[in-house]
Structures are given as structure tokens and as C-alpha cells.
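The letters A, B and C name the chains in turn, as written, and every chain counts its residues from 1.
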Amino acid sequence: MSDYEDAVAGLAALGERPGGARAALEAVLMVIDQPASTEELAAGLGLGTAVVDELLAELQREYDGYTVKAPGTDADGSPADAGASTAPRGFELRNVAGGWRIYSRAEFADVVGKFVLDGQTARLTQAALETMAVIAYRQPVSRARVSAIRGVNVDSVVRTLVQRGLVEEAGTDPESGSILYRSTSYFLERMGIASLEELPPLSPHLPGLEGIEEFFDAERM
Amino acid sequence: MSDYEDAVAGLAALGERPGGARAALEAVLMVIDQPASTEELAAGLGLGTAVVDELLAELQREYDGYTVKAPGTDADGSPADAGASTAPRGFELRNVAGGWRIYSRAEFADVVGKFVLDGQTARLTQAALETMAVIAYRQPVSRARVSAIRGVNVDSVVRTLVQRGLVEEAGTDPESGSILYRSTSYFLERMGIASLEELPPLSPHLPGLEGIEEFFDAERM
Amino acid sequence: MTEPLTLAGDLPDAGSPSSEDSPTARKGGFEVRLANFTGPFDLLLGLIAKHKLDVTELALATVTDEFIKYIRRLQELGESWALDEASEFLVIAATLLDLKAARLLPAGEVEDEEDVALLEARDLLFARLLQYKAFKQLAAHLGETLESEANRFPRQVALEPHFAALLPELIWRHSPEQFAAVAAKALEPKDTTPPEVGVDHLHGAPVSIKEQAEILGYRLQHGRPLSFRALVADAESTLVVVVRFLALLEMFRDRVIAFEQPAPLSELTVRWTGRPEGWSSDALNDEYDDVPAVPAEASTAPSEDSE
């Protein structure tokens, strides 16, 4: 079967779902963290790149409110004309550095910025600090592993640490395929040390730590 | 200036932007990485909670393709009817664990799963599910109590649930001094419900056994 | 220490989706396969479902034999059970037996305290079973919901760089030593030791089955058949009598002795049937060593602190 036939079959398969291939592409774009190239998207969706390119362009125009200039929505926020597809959405689809990703619309940068700052403190939470400590001493380490050690889900805390530049991705675990994390040079800077070797050894604080790894690996379900 | 006047002013200010308050809300929803409550969103946007609730409901309906049943989109993905707001989007807005958040639509799980490998959690065992159910419906509850209901020792299962962030400690029983457990908001998130009230009621499963709880309380421990 | 019970019979799992399409009771041998019963109630519900019975008193009496057969099978397979797990199964087996016995007897008036106790035990078991069934149904619902929810992926993307840049400069006041202390605390193994059944309050002199079996073996191997009465004549306490009786059962299982009893309640005679060599009390099942009431230390450090 040719690539072309493959792509046609893929399109037909997605067409049966609500929203079709366009919604499938949207679903992917909504949740990916890293920008994805047309090729990656096409491969994941089982579609041809030409079709994906067309769908991307279509979504992009649609999010921008077509070519029509958006009429100001009523100030009372009435739902009457909410469905009008001529108003731009609050997000946009951008092709950045060879990949596609959905971003919040630039026009709302001040609103979004205020919202982001509202919930933020200049200090790390205790949860973030402990997670940082586990990563620093166990790196490279996956989130699942840190979760197991800390006893709670750490996904959003790790994201905060990445955002803060204290932690970065360090490839994937060859066995599980999950992303590994390590501390950054900015972390060393903030700690006032030159290298990880200067971190105080844990042994005085924690005798008999050796068994812990096996313990947690065995314990997970 | 009153709160009401503040909110009206906020709405008017956002109304001038392309897409208005609705798009501003969408823009904020794009950057949150955990469920945000109506109150948080309202405060961030400078709007009243009633308005935000209405906007959220509106967006939710719109993403689902209004109330109109979505017509199957053309398999060729032609852009002709792409703007029709009757087709559901690839994502949905949901009120989960007391907050709002954007999710990819369940119908595209297979496609999205190819892009989002990380963060997927293993299935719970039957023993873990049963223990989780007892804790969810009887919280706060001691391990001894859960054991009495399940007929087996649940210590290691509870530990696993705590480790996975689905269950947490909730103080100690004033009488027996044993540790009590309750479900977490992460559990609500995983269940896709806004609060514990959304769990199906226990009573239909327990026909004519209204007095049983007191009975067991007296009997055990 | 992951699951309380990992071995289970070839039985439908009541309440789970698979129970719908499971075949009716299989004739012939009772097969033990890897399935997953999560406790005695689970097993009981499984058995009831297998017979397509409703959860009733009658159903309980009907499945008694199978329940007990199942436990026996597990023991034969040498599955090591934690005491509390095994005891839950045994308590329920005992109640079931009572129930069955009560059904076999002619229906009569509730007369003495034993009858009342039996009725209470039956009601309690019945109520507990129904309660467990309710939670099992809810567990199935939780499982389905969690699974279908796993099909939705939340948008949780990293903050766009221009917003991340807005964040205030991080305040970091931890010295490397303080940070190490945080790490040590975070990496510390959580308290995971399962609570154990305390035996400190038991003051009876520890008596080892192995020890008593050795004594009995010595006497029987080197003499004529002896009556049980004679074998326990020198026992200093009831506990020793009981333990010697248990030891005899163990030895009987090892096929080194035989019992003879001409009529019910008449003299019980014990005869050595094993070869003179090739048997030692070490061959006895280890399971009793874990029973707190008969501590393992008893064989090595007899009655040191028992005075």
C-alpha cells in the first residue's frame, strides 16, 4: 500500500470521530508541551503531511477569527453571539522553530501575566524544595521515581522547577522511556557551589540509605 | 468603587480586545497547569465570578459543538465547513477537582497517547480499587476499619495508594489514636469529578442496610 | 508484601465485568489457577456467582464445602499466609460450617445461648458480605471511571518563556548543608513496617511443636504403640497437651505415624509407621514457627523469660 493510500485510510478513520481529522489534530496540539513538526504530527495522526499542513493552516486562520476583523464582543458578555466564528479565540497556533504549538494570544499577555504572577511566590514551596533535593541527589531521575520517593505526585512541582531553571531534562530512561531530570548550572549558582561534588554527602544524615532504591522499585504497583 | 463596579469596568476593558472577555478567559486557560477555580480565574481577569461562570459554561458548550449533534465531518477534511461551530473541538473544558482545565477529547486518546507518553499511570489492582472505594466513601477512615470491610489486611495497599498520591493521612482518631485516611484532590482529578459529591451514592448498593454502619462501628475496634 | 492474596481458584470474579461471560460451574476437579481474589469475601462472592445464586443464607450454606476445599487447596500448594489473612479465611470458614450444620439439623426453637450466638454470627457474616459486595461494585465503577478518564489528557504545558520571564527572582536562602538536610529527610524511608501482632502480653511458656514432636518421635520409634493418654501423661500443662496433639497431626501428615481408635471416644492408640531413620522433626512444616503463640525462639531459647 502506498503512502498516499495510507494517508487516505488514516483520514477516513479519523473522519468517523466527532470533529474528524481537524479535531484529532487539535486534540494533539492542545496537550503537547514541545512544539511538533508537521512530519511528527502527520506520522502520529496517520495522515499525509500535505493534509496536515492544510489542516494546520485552517486551524490557524480559524483561531485568528478568519480573515474577517473581529467585531468587539458585547461588554456584558452575553452568550448571544458567542458562537460566531468570526471572533478570534484566546489562543493561537504558531509555528516556532520548526514546530507547531498552541500559545495564549499575544493580545492578552498582560491579563495572562497578571494571572501567572498572582499565584506565584518568590520562594520555593516546601514541596518544591524537597523535590529539588531528591532530584539533586538522585539525578538523573524520572518523575515517577521522585513521586515514589516523596510519596506524592510531583508532576506540577517538577514543571515549576523546570520553569524556574533549577532543573532540566536529561534524556530518557532506556528501559521505561520516561524523561529523566537533572539539576542545572543555575541551581549550582544559587547554591553557591562550583559542582555537584560539593553538595554535602548524605551519609551523615542518612545511614543505611543503600537499600532504599530496591525498596521503592519493589513497592510500586 | 464597589466590587460590582470593578467587575463591570473589567468587562468593559476586556470587551475592547479582539474576542473580548471570552477570549481573555481562554488565554488564561491556555497557561494553567492545574485546575483553576472560578474565583481564581475571576480574580485574575478582574471579572465577577458570575460572569466567569457564564463564560466558562459558554466555552464548554461551544467546545462540545453546542447542543447540536455534531454531523460527521467530511473525511477529506476539506476546509469548506471548518468554521461550522456545530462540530465539537478536539478538546474540552471540564470542572475537575474544584477547578477548570482543558483536556483533550477522550475520543482521540489513541492519537494523543502517541505524543504524551509520560505521566501515564499504571492501572490499579483490584485490591487497590476496593481499598480506594472504601476510603473514598468512608473517609476519614482508619486502616483497621477498611480491613474490617474488606476482610483482609490493607496496610500495604493503603501505603501504595498514599505513595501514588490518591490517598493521604487525615489526622488520628481521637478514641483509638489510629491514623485516619482520606482521598486527595489528585484522586478527584483522576476521576474527572469536581467534588466527592459527584461519586455515585452508596445506598443503592446497600439495600435495606441503613443501620449497618453503626452496627460495624460498635462491632469493630 | 504487595497483595494479601495472589492465588485464587478458577472462579468468576463477582461484580467484575468478566463475571458476565464466565461459564457455569465446572464439573469435576476443582482447579486452582492464578486469578486474583482479594480476600475471603471476594472468594465467597465468587463462589456464589459461580453457582448463579443470590447472596442469601442458603447460598452461604451451599458454597461452604467449596470455600473450605479452596482454603485446603491453598494450604496444600504451600502458599504462605500471613496470620491475619489466614485467620480471616478461617473465621469465615468456621461460620459457614456452623451455618451449614444448622441447616442440616431439624428446624427448631432457638433455645440456648449457642443458638443465639450462631444466629448472630450468621447475621454478621451476611451483613459484612453484603457490605463488601456494595464496595466491590463501587470499586468496579471507580476502575471504569479511572480508566475512561485516562483517555483524556490535561493541557499542562510549560509556561511560555515571556511569562516565565515575568516571575520574580527566586529567593534561595538554603546553604548546602541545609539543603542536604532537606534531601536526607526527603529520602528517608517512610515508615513502612507493617504493624505486627504484639505477643508480649502472652505469658504462657513457649512450647515448640518441633520439640514435642521430637519427644513423641523418640518414644514411638523406640517402643510399642502408645495411647494418646500415655503420650501426654507427663505433660506439665494443657498447652503441652495441645502442642503434642498438634505435633501428632503434623507427624500423621508426614505419614510416620498411624492412629487407631476402635470406637468414637475410645482409647486412641498411636503407632509408628515410618522408617526408623530418615525422619526428623526438622521435616515438619515450618508454618508453625511463624505463629506468635508458639514463638520460634522457643526451640532455641526455651522458657528463658517465662518464669
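Rule of thumb we're sticking to: contacts are C-beta pairs under 8 Å (C-beta built on N, C-alpha and C of every residue); 3 or more make two chains touch, one makes a residue touch a chain.
Because the structure is predicted, anything quoted here is derived from the model rather than measured.
*Asks:* Using the mean of all protein Cα atoms as the middle point, what chain has its own Cα mean nearest that point?
*Replies:* If we average C-alpha coordinates per chain, B lands closest to the whole-structure average.
*Asks:* Among all other chains, pick the one whose mean CA position is farthest from the mean CA position of chain C.
*Replies:* It is A whose centre lies farthest from that of chain C.
*Asks:* List the centre-to-centre spacing of chain B and chain C in whole Å, with centres computed as mean CA coordinates.
*Replies:* Comparing mean C-alpha positions, chain C is 38 Å from chain B.
*Asks:* So how far apart, in whole Å, are chain A and chain B when each is placed at the average of its C-alpha atoms?
*Replies:* Measuring from centre to centre gives 20 Å for this pair.
*Asks:* Determine the centre-to-centre distance between chain A and chain C, using the mean Cα coordinates as centres, and give it in whole Å.
*Replies:* A distance of 47 Å separates the two centres.
*Asks:* Indicate the residues of chain B shared as contacts by at least two other chains.
*Replies:* Within chain B, the residues that touch at least two other chains are 29-31, 33-34, 91, 102-105, 107, 112, 116, 124-125, 159-160.
*Asks:* Touching two or more other chains, which residues of chain C qualify?
*Replies:* 2, 153-157, 159-160, 163, 190, 192
*Asks:* Per the contact definition, I'd like the list of chain A residues that touch chain B in the complex.
*Replies:* Contacts found on chain A: 11-12, 14-32, 36, 44-45, 51, 54-55, 58, 62, 65-66, 70, 72-77, 79, 82-83, 85, 87-91, 102-105, 107-108, 111-112, 114-116, 118-119, 143, 147-148, 151-153, 155-156, 159, 177-179, 219-221.
*Asks:* In the complex, go through chain C and note every residue touching chain B.
*Replies:* Those in contact with chain B are residues 1-5, 13, 16, 36, 38-42, 82, 84-85, 88, 92, 124, 127-128, 130-143, 145-157, 159-160, 163, 190, 192, 194-195.
*Asks:* Any idea which chain C residues touch chain A in the complex?
*Replies:* Chain C reaches chain A through residues 2, 153-160, 162-164, 166-172, 174-177, 179-190, 192.
*Asks:* In the complex, go through chain A and note every residue touching chain C.
*Replies:* Spelled out, the residues of chain A in touch with chain C are 30-33, 101, 103-104, 109, 112-113, 116-117, 120-124, 129-131, 133-134, 136-138, 149-151, 155-156, 159, 162-164, 166, 190-193, 198-202, 205-206, 209, 211-212, 215, 219, 221.
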